[in-house]
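Consider the two complexes below, in which chain A is the common component and chain B and chain C are the respective partners.
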Partner chain A sequence: MNPILIGAYWRERLSSPVRMVLAFAIVGLNILTSAFTGSPVPDAFSAVYLTLVLGGGAIGRDVSSGAIHLILVRPVRRSEYVLNRWLAVFLTTSLVVIVQGAIILLLLLAGGRGVPFDMIALNLSEQILIIVGLSAVLIFLSSLVGGNGDVALFVVGFLMGSVISLIGSATQKTWLADIGHEITRFLIPRLELTGGVESLTALAVPLASWGFSVTLCLALAILVLNRREFSYASTG
Partner chain B sequence: MAGIEVQNLTKTFRGGMVKALDGVSLAVAPGEVCGVIGPNGAGKTTLMGCLLGLLSPTSGDLRIDGLSPDDMAVRTVTGYLPERLTLDRWMTGRDFLEYHHGLARLPAIERRGAAASALDQVGLANGAGDKSIRTYSRGMLQRLGLAQALIGRPRYVYLDEPTSGMDPSGVVLFRKLIRDEAARGATILLNSHQLEQVERLCDRVVFVRGGRVESIATVDAGATMVRVLRIRLARSAEALQTEPLPLTPVDGVQLVNQDGAEIQFAVADDAAAARLLRYLVERNYPVIEAVPDEGRLERLFTGHEPGAPA
Partner chain C sequence: MHPPVSSPGQAVPAPSGTTRPNPRILLLLAMIFLVLRVMFQIVLPKEDTPDGSSPGSELAEPDSVRWLAIDGSHAESEVTGKPLLYDFAASWCGPCKIMRKEVFCDPTAAATINATFVPVRVMDRKAEDGRNTSEVKYLQDKFKIRAFPTLVVASPSGDEPVVIQGYLGKDETVKALLAAADKVKANSPKDEEP
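Take a look at the complex of A and B:
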């Protein structure tokens, strides 16, 4: 863990007005929804939006701007850079989700409503697992394209997976629907905890699958960055 | 030997279609200031990219202190100022230097002091360091970039067009900093199109063209440079009703040649040239042009000196 890299990433994100407005809008909407409906847990998909807003372009922006040149000539290994970008993205987003959960909890307590602590804890865990997984996916995509192109790739990939899945369902071609599902599940690695976990054994396979997706994305990102060359030189 | 050693370095792009470096061999001794000059597309920046580990050589060998450029021990003692400087514009100048001090894995306890000292070194100490980088002018950015390259007193400093966009005072400051760095023993590789600057600062100059080292010249940095100033008059000096020109009209100036309306003087420095012009104008010489003759590197570069690259 390199606190210098992580700290600089946090500050860069905080200094972006667009990201801050979007993040506040998502969190504000979740809190308002909970306040009005009394729902103790926000929509799980809001973790996806938050990760996209706070984690988009984590590597690609450094590559596009050329700032990565000055980082990589320092004693920072490329793998270290990738892993610290991932850590920075998921720690930032997780922190926001935890604060959001705490505010919702306080609102429920203040309103005198019953608070299902176990449900809140499971939902929070589920959201953090989504954030950790999606951060790894975004880091991989960001190693491939410059700027915020990772977010665009994610959206295109997710839409493509959903459309394939829909076509598969509509035409009753299970294999096609499965391909679509696999694409979307790869893009948003998640673990269903709120549906009830029967046993640890039942959780082992999805947990291994989730862990495999995360590890694969990070390994691919490191591989891409290790093979990448950085130069301002004209190559004719 | 320690220092920078490059042997038969070749770098191609686009699957070998573009050969940016073609068998470059070069040795830069520790503490040497080495200039790299050549036309655009000669391979200067590619050479620097390979030395910094940003590019992988296609073939050949690169050693810095006997180690690969990718070695973390090498990176710890490396400073780099790129040609196209992109800084993290959301930081202040001070934050930026502290950030790079941290990335260089230098002791945290020295961070604030090192950043303050670096800002002072490049003339950004008067509050400029606490302003957001996005408010900086081109020259200030270049100064900050230079401070970043020099923070932590690296043993190897790579500078790619370091004075691009700098005002004259910045250029003077830059020269002083490079001389100071050389005096403390830093090995400096300087890519520049400004031949006069290279001539003033470097111990040796490498001419690169078409991805090859065409020649390596010793330029004896710091030696007093005598330049030739050509003065053109509206009429020939003989036709003027003025006293004949003395051999040494003012301090630091010597008459070299007089041919009709054109007179050549050897001048020690810019101040001597200014004194000469004042002298001539005060004595009613109708000066219509004063052109500095090209320097030695320029003559070498353009092929007008024996031993120059073809």
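Take a look at the complex of A and C:
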């Protein structure tokens, strides 16, 4: 863990008003929904939007702005840079989700409603696992394209997976639907703890799938970055 | 290899070896996870293994509530005089599963629901199949369902339904359902005596 790299990432994210407004909007909406419906947990899927907003362009923006040149002239291995970017993305987003959960909890307690702590803990764990997985996917996509192109790649990939599974379902071709599901599952690695903790075997496949997505994406991101040239001469 | 970065009074040690090592450990871990994934898929019994297309499909498994199909529910409600209870849920919805476990699997709460309502579960299949059946779509549009879980208590005519959005916790949910049943019964037109 390199605190300087993580700190630099935080400073860069905090200086983007668009990101901050979007992140506040998502968190605000979740809190308002919980306040009005009394639901103690936001939909775990909202973690996906937060990760996209806070983690988009984690490497691509450094490449586009030229900041990566300044980072890589320092004694920092490229693998260290990638892993610290991943750490920074999921730590930032997890922190936001934890603060959001704490606010919802306080609202429920203030309203005198019963608080199902086990359900809140499971939902929070589920969201953090989504964030850890999706951060790795975004880091890989971000190593391929500049700017916030990783978010665009993610959206295109997700739509493609959904359309393939839709065509597979419509034409009764299970293998085609399975391919579509695999694409979407790879892009959003998640573990449904709220439904699966009763049986460990039910968690086995999603857990292996989640681990595969995370490790493969990080390995690919390092391999891609290792093979790219970032000298001033190469940028022309 | 990078030259050591140094300034007077501050020496930064340069890392030894290549600055671009291949991520061997990560690749090995990815391979292990892939092998485990394929192995689990083959070895584990299908019913214990969420197939990815419908993780958390336990909502489709029986609980203590006697859910009726959408088709016959309307007639059942007219015959018995009990209001309809629609449970709008989706297999991917965490709070739906918690509500099932805490409310619909609880014998006391389920007995109350069975005695008071004609219960109908309306599962959203958009994420899995890309679309819903016309019956599900009709009911979702009719009651303006925007989130899951949503419970709707309605008379057979569907006038003035009571909508409970989100999971409120077991006691609150049962309380809200009973209040909704009273309200719907009070609002529904009385059968004319022959």
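In the analysis below, the second predicted complex is superposed on the first by the 224 of 236 C-alpha atoms of A that agree within 3 Å, B and C clash if a C-alpha of one lies under 4 Å from a C-alpha of the other, contacts with A are read in each partner's own complex, and residues count from 1 in each chain.
One rule holds for everything that comes next: contacts are C-beta pairs under 8 Å (C-beta built on N, C-alpha and C of every residue); 3 or more make two chains touch, one makes a residue touch a chain.
This one's a predicted model, so the numbers in the text were calculated from it and none came from an experiment.
Within the superposed three-chain model, A:69 lies in touch with chain B and out of touch with chain C [touch as defined at top]. Once the two complexes are overlaid on the shared chain, A:40 sits against chain C while remaining clear of chain B.
The larger set of touched chain A residues comes from C, when the choice is between chain B and chain C. Contacts of A:77 after superposition: both chain B and chain C are touched.
In the superposition on chain A, contact is made by A:205 with chain C only, not with chain B.
Of the two partner chains, neither chain B nor chain C is touched by A:172. Comparing the two complexes, residues 73-77 of chain A contact chain B in one case and chain C in the other. Note for the complex: chain C touches chain A at residues 2, 4-5, 12-15, 19-23, 26-27, 29-30, 33-34, 36-37, 40-41, 44-45, 48-50, 52-53, 55-56, 58, 92-95, 97-98, 102, 128-130, 147, 165-169, 171-172. On the chain B side of its complex with chain A, the touching residues are 13-14, 18, 20, 40-41, 43, 45-46, 49, 52-56, 72, 75-76, 78, 80, 82-84, 86-88, 90-91, 95, 99-100, 102-105, 148, 160. Against chain B, in their complex, chain A makes its touches with residues 4-5, 8, 11-12, 15-16, 65-67, 69-77, 229-236. On chain A, the positions that touch chain C within their shared complex are 33-34, 37-41, 43-45, 73-79, 113-114, 116, 119, 122-123, 126, 162, 165-166, 169-170, 177-178, 181-182, 185, 192, 194-196, 199, 201-202, 204-206, 208-209, 211-212, 215-216, 218-219, 222-223, 226.
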